[in-house]
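Several structures are given next for inspection.
Look at the two complexes coming up: chain A is in both, with chain B in one and chain C in the other.
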Partner chain A sequence: MGRLRYTISRLLQSIPVIVGVITITFLLTDAIPGDPVQIMLGPSPSAQQAEAIRAKFGLDQPLHVRYFNYLFDVVRLDLGTSLYYGVPVTQKIAERLPVTLYLLLSSFTFALLTAVPLGIISAKRRNKPTDHISRVVALFGVSTPSFWIGLMLIIVFSFWLDIFPATNLILPWESPANVDGAANQLGVIAKSIHHLILPTITLGTLQMAAFTRIERSSMLEVLGEEYVKLARAYGVSETKIVRKHAFRNAQLPLITLVGLQLTGALGGAVLTETVFSINGMGRLIITAIQNQDFQLVMGTTLVFGLVFVIGVILTDLSYAYVDPRVSFDGSE
Partner chain B sequence: MNMSNATNRTDADESGPEQPEARVGLRYTLSQVKRDPTALAGLAVIAFMTLVAFIAFVDGVLFDFLSDFTFFANLGIEQYLLANTFWVNPVVDGTGQILRPPVYMTNQLYPDQPGTWAHPLGTDHRGRDVLIRLFYGTRIAITVGIVATGIAMVLGMLVGAVAGYYGGWIDDALMRGSETLYAIPFLILVIAFMTAFGRNLTFAMIGVGIATIPTFARLIRSRVLSVREEDYIEAARAAGVRDRDIILRHVIPNSFAPILVQATLQVGVNILIIAGLSFLGYGAQPPTPSWGQMLSNSRQYMLPNPWFSIWPGIAILITVVGFNLIGDGLRDALDPRINN
Partner chain C sequence: MPDENKTFHSQLNRRRVLQGIGGAGIAGLAGCAGGSGDETEGTGTSSGGDSSGGDSTESESTEGGQSSGGKLRIALVKSPLEFDPLVLNDVPSSQVVDRVVEGLYTYDENTGIVPLLAEGSPTVENDGKRFTVTIKEGATFSNGDPVTAEDVKYSYEAPVAENTENASELNMIDTVEAVDERTVQFNLKYPYAPFKTTLTWYVVPKSVREEDKEAFNTGNSLVGSGPFTFEEWQEGNFARLAANPDYWGDPKPNLDEIEFVPVEEATTRVTTLKNGENDIIEEIPPKQYPTVRSIQDASIEEVPGIGYFYAAFNCNEGPTTDPKVREAIDYAFDMDQAVSSYVEPTGVRQYSPYPLSIAESWGFPLDEWKQIPHGKDVDQTKALLEEAGVPDDYTFKVIVPPDDKREQIGITISNGIKEAGWDATVQRLDWGAFLDKYVSGDESEYNIYTLGWSGTPDPDAFTYYLFGRDENTLGVTNGTFYGNNSEAGKQVSEKFIEARRTPEREERKALYEEATTTLLEDRVHLPAYNLKNSFGVKDYVEDFRSHPVSSFSITSDYNNVSVGNK
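So, the complex of A and B:
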């Protein structure tokens, strides 16, 4: 019960943040020069046409009225209609969000699966060649622009070696009838993973490097703790120390970082989607900003904010599984 | 987090009460950095890149200066400058062959247009020398990275110090505000900001600066919270020193070391963010050369001319590695846990 109450109270606490996200986006989109109606109707719309559109979207109202109207709409889960696409914003987001989440999930999985072992090995063999190599890899990983990694991967693996495709991401839930060479749903999933490998590495390298660094340093810290020294003194093997005593405690800083990296990864998804021509949230929001599709800009940013907030709450919840000292009943 | 505190405490117990104080001074930091090969390597990289940026700066000024005088123009010096490889302002359209490959490329691939030493890294889609555009890109990247960090640092220090020092509702309001900024991905926040106010480098710097305020605000706030209860702050307050002076003279200087580490690392991060912005078309506007924009241009020619995509990325990589090495070196020097 404690966990549920904690989650609800955290969600309530994040309401100001969400309202803040809406406010910032609202003011920014309002400050964008130019007339969205003109962009929608073309260079020379008739005055009546323009007025009709303005009235339909409430653009004839003053700023504060529009702002509060929007807030009330959000509470009713109505994000308005996209000016550019002419469909509800929620529909557009429902189309694109799964794509971006799919990409994020796979790149975080990739990052964690490589970073945790790399960080542990690095810490166990401190100042040995393995450690040096893994530190250099991590240093270069946090210093390389993700989109450039994408370009290099495309040149090598798509153009030269022709192993992995560079465009046309296939989604695992697409129907086999629409996918070339896939007999059934399993075939679609296999094809999808094949397509996802390059974008995953592109987006995941930065996270992988950041995670490796924190895993190494927190593992080093834990391995220097008194109880580890004691275990060593009792003759417990190094492998067992890492697996049974140090591993869990060393994961706390990593978990915090996973939550915080989410916002950076969402930004990185914009670049990755651009490089690999993936129609996800990132490209949606860029075109929305360019088209001054203000309803869509607001809606997508709001969803990004929500994804981040939920990510951080999930992070906090996962603390409890790792660290038995954390409880959610009142004080810690 | 609990564990790190525990380690700190045992450190202090073992080394006596004076030791931690001596370990946070600027002079101590510098003496540690001097002994640290990683920090020195980073410094060397950044010194080199700054030199390159400076050469590009002088080249640009010289070009503008010389072409302003009709005397030199009559001498045909402008033509000379345009024809010569090194002193060519990359802003001006090149006169070389379009998409000439770099000097290391084999002639088999491009039999009619081999790479030459006149353009060691080849020319771009408008015949401009890639190496010189890289030089100019260095100037922009380093300037923009440092200025954006400076903006974030000053504003973040202000926000964090005020929030931490006063506490209460001011703290709540400021921290909720900085959480909000953090909840919107940097890149999207900056792109919206630039669309609203101006699509050029100035607003890219301001936008990135504002978007990264939370990083510094949080850092300073946590420092202030720990410093606030120290005896000397108590003494200053008792002596009637004003809050503003306490923050500026005591709290901020005492938090200098971790800010320096964060700022150095942030310059690298900002260079990456701004390269990403330029890649999407939201950075330096053409014809001003920037690394991100060069990469963006190269996308159209990637299949036949892959070399075009390689070098700007390596330039970004080297510069950011440089800043990260310095930042890591500083942190190691300042973190007593790693020293023992």
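So, the complex of A and C:
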């Protein structure tokens, strides 16, 4: 039962983290110069109108009162009403979060599917041309901003070659009736994947590059271990060494990185969604910030924080699957 | 509309104000998304003329009937937010609703006002304080109900009664009376000369809106008398309209369906035009003009909008209260040059607060005004600043909104000041901070700012708000405080306020001319440019027109868009 206890204790530990996120975001949002009501009403609101709106959204109350009200509301899962959209923040998040998660899932899948083989090949053929190429690719990926990759992909594959669409992401759970040219759900999924390819590469390249580098170095480290040398001395084939003896042991650093990259990917999603006009959390947070939509900024940041915390917990838990030496009852 | 897609609303109707101020909404966003303007330069030339197209724009021709135009997809910069015309106050929303809801009057191809739901011109009585309008016989809403005087009365009264963001648009009205089924009488609080533009306000069916205002606003129960009806909206994804089969007016729409989709990033928008994902895109940034021109099966449709962009001085505090200093700064740079480098071809040089179409239709002395700004002469700047006694170590503060064009104008001015030997800084602020600061009159916040304005096609829209000195404008929309330190400024404001209450056109014209000449010579504003409403349009889209006031026109007296073979 160690694992369950561990999970629960980690979840409890995350509560102060979340409260911290709320507090810092709350104070920062409050400190931003400018007045959300003025942005909403334009340069010439009547005093009456502005007051009515302030009262409606509780902006007329002192900071500490608003802060505790907000905390209390969050406990009741009420994130308030968006000033800009005029609907509950939770409704906006429920609309947008699945889209971003879909994008994250596909870009992490892409990153892992490409990075693991690349990293292994690189390590096996150390300092050979294949290794050099894969290292250059990784370096390029790590050092190129994702919006640039996105724009270049659009210019090459949408503008010049016209192979992939640049906008209008179709979601796989959309009804076929709403999707032009899709006869059934499978057709929708196929279209969705077609639309998703460019955004996936855009968002996944950074991840892919980071994963490739860590996979390569950790594989190299494992391949240099005594027990691998011993296996070689026994005449075990190189492929078998990699597959049976080295692979699992080399994955721990990668798993750590996957969890941590989740936040980085959320940041990348902001840019990717803007470039490809995808209606996800990234564009939501941009709209929130630009309009100083206080409630929406708080709500989206909170969700980003939660995703990160959950990512870290999942990372910890997955250690146990890969490395049996890790246990959760503290008795190791 | 290039200038209209702002990120915020205004209490003053979007038609009046927001365009100008908010024009940078997009630019601001682009900056946020990674300065899209810069790295997207020259996305290359198109080689193939044939557009096999994306998968979402198949033309659906209908059998029989007059509708033969299929489906049109228009990429806007932003998503609409709400659809109740009495409530909405952002441009994308109005771009959609304008196809669904009509007014008593509308604009012709240019800025002239012509009857739509109304029969003939309004009768004006009581020294310009009473307007009487008759509704056309047979005008109906899409649900079949006739458009009645009661609906008109309701549409003009509800925004004020409900204190919506549009209230100030209509608050010169004292009472509205439904004289009979088809006659409406507007009684104004004071003679309001530009009232004819107010008569373009939307008319909605009272019974439908009263039944469920929420559903009316989300579009679910939106009903108007226009050529299209509201179909479906997914926020951030699309808004879809369908032809109104029972449209009362003429011509009936050619198109079966219009879909509006938001695409914020300019390069992406241009790409969707090239590969046929969208048939029309709005707002082409200057650097993308060559790219759009290079698309073989598309062209640019553009017309100057009703806007005004300018640099303005703080006449409340600091050295810029002295006309000599303002003239010195006028000498420090060449506005013609700046506009040609940073704004064209997406906009045109403007020499007065009035967009060209207004200035021409009023016969203002443009040639005279054009002579007022100086060319660049840094020695003059130096001499005048010294004469005015500006300390050598003084630093001029220029604040600009988050928009590349206006920032460039600000930088040009500050470079000129630096060349003359004084220091100058340019601060690019977010909208929230900018709107707070530019009306503070505080020397420590700004000496100079760059901003834009837009409005109805009437001189009043470009003068009262920018130079008026009453409680609605001074320090609210007028950040110059012109007149705080000069008698001339007070008189200019008085003339502009008098002009809006003068029904007689010639008298009004004289007032505008005198006051405008004074303020230009006093260099309170340095007029800069006006933007065009630009659209990239596929060649198979026929008869699409951009419009100076209402962004674009789909079905009207003078055009009727259809989609040919793709």
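Following the convention adopted for this analysis, the second predicted complex is superposed on the first by the 321 of 332 C-alpha atoms of A that agree within 3 Å, B and C clash if a C-alpha of one lies under 4 Å from a C-alpha of the other, contacts with A are read in each partner's own complex, and residues count from 1 in each chain.
Following the convention adopted for this analysis, contacts are C-beta pairs under 8 Å (C-beta built on N, C-alpha and C of every residue); 3 or more make two chains touch, one makes a residue touch a chain.
As the structure is a prediction and not an experimental result, all values here were calculated from the model.
Undergrad: Which of the two partners, first being chain B and second being chain C, lies in contact with A:L83: first, second, both, or neither?
TA: In the superposition, A:L83 contacts neither chain B nor chain C.
Undergrad: Look at A:L203 in the shared chain and tell me whether it touches chain B only, chain C only, both, or neither; answer first, second, both or neither.
TA: neither
Undergrad: Which partner does A:P36 reach: the first (chain B), the second (chain C), both, or neither?
TA: second
Undergrad: Touch test for A:F140: chain B only (first), chain C only (second), both, or neither?
TA: first
Undergrad: Examine A:I241 and indicate which partner it touches, taking first as chain B and second as chain C; both and neither are also allowed.
TA: So A:I241 meets neither chain B nor chain C here.
Undergrad: Have a look at where A:A52 lands relative to chain B and chain C in the superposition and call it first, second, both or neither.
TA: After superposition on chain A, A:A52 lies in contact with chain C alone.
Undergrad: Where does A:G224 make contact in the superposed view: on chain B (first), on chain C (second), on both, or on neither?
TA: A:G224: touches chain B, not chain C.
Undergrad: Which partner chains sit in contact with A:V303 here, chain B, chain C, both or neither? Use first/second/both/neither.
TA: After superposing on A, A:V303 lies clear of both chain B and chain C.
Undergrad: Using the superposition on chain A described above, determine whether A:P16 touches chain B (first), chain C (second), both, or neither.
TA: It touches chain B, and chain C stays clear.
Undergrad: Go through chain A and flag every residue that touches chain B in one model and chain C in the other.
TA: 32-33, 145, 147-148, 151, 154-155, 159, 271, 274-275, 286, 289-290
Undergrad: Of all residues in chain A, which touch chain B in the complex?
TA: 16-18, 20-21, 24-25, 28-29, 31-33, 139-140, 142-148, 151-152, 154-155, 159, 221-222, 224-225, 249, 252-253, 263-264, 266-268, 270-271, 274-275, 285-286, 289-290, 297, 301, 304-305, 308-309, 325
Undergrad: Contact residues on chain A for chain C in the complex?
TA: Residues 32-36, 38-46, 48-49, 52, 84-86, 95-96, 145, 147-148, 151, 154-155, 158-160, 162, 165-168, 180-181, 191, 271, 274-277, 279, 283, 286-287, 289-292 of chain A touch chain C in their complex.
Undergrad: Which of the residues in chain C come into contact with chain A in the complex?
TA: 7-12, 17-18, 21-22, 25, 28-29, 32-34, 36, 39-40, 43-44, 46-48, 51-52, 54-56, 58, 75, 81-82, 89, 163, 165, 167-168, 235-237, 261-265, 267-268, 270-272, 274-275, 277-278, 430-436, 439, 465, 472-473, 476-477
Undergrad: Going by the contact rule at the top, pick out the chain B residues touching chain A in the complex.
TA: Against chain A, the touching part of chain B is residues 1-4, 7, 176-177, 179-189, 191-193, 195-197, 268, 272-273, 275-276, 279-280, 292, 295, 298-299, 302-303, 306, 309-310, 312-313, 316-317, 320-321, 324-325, 328, 337.
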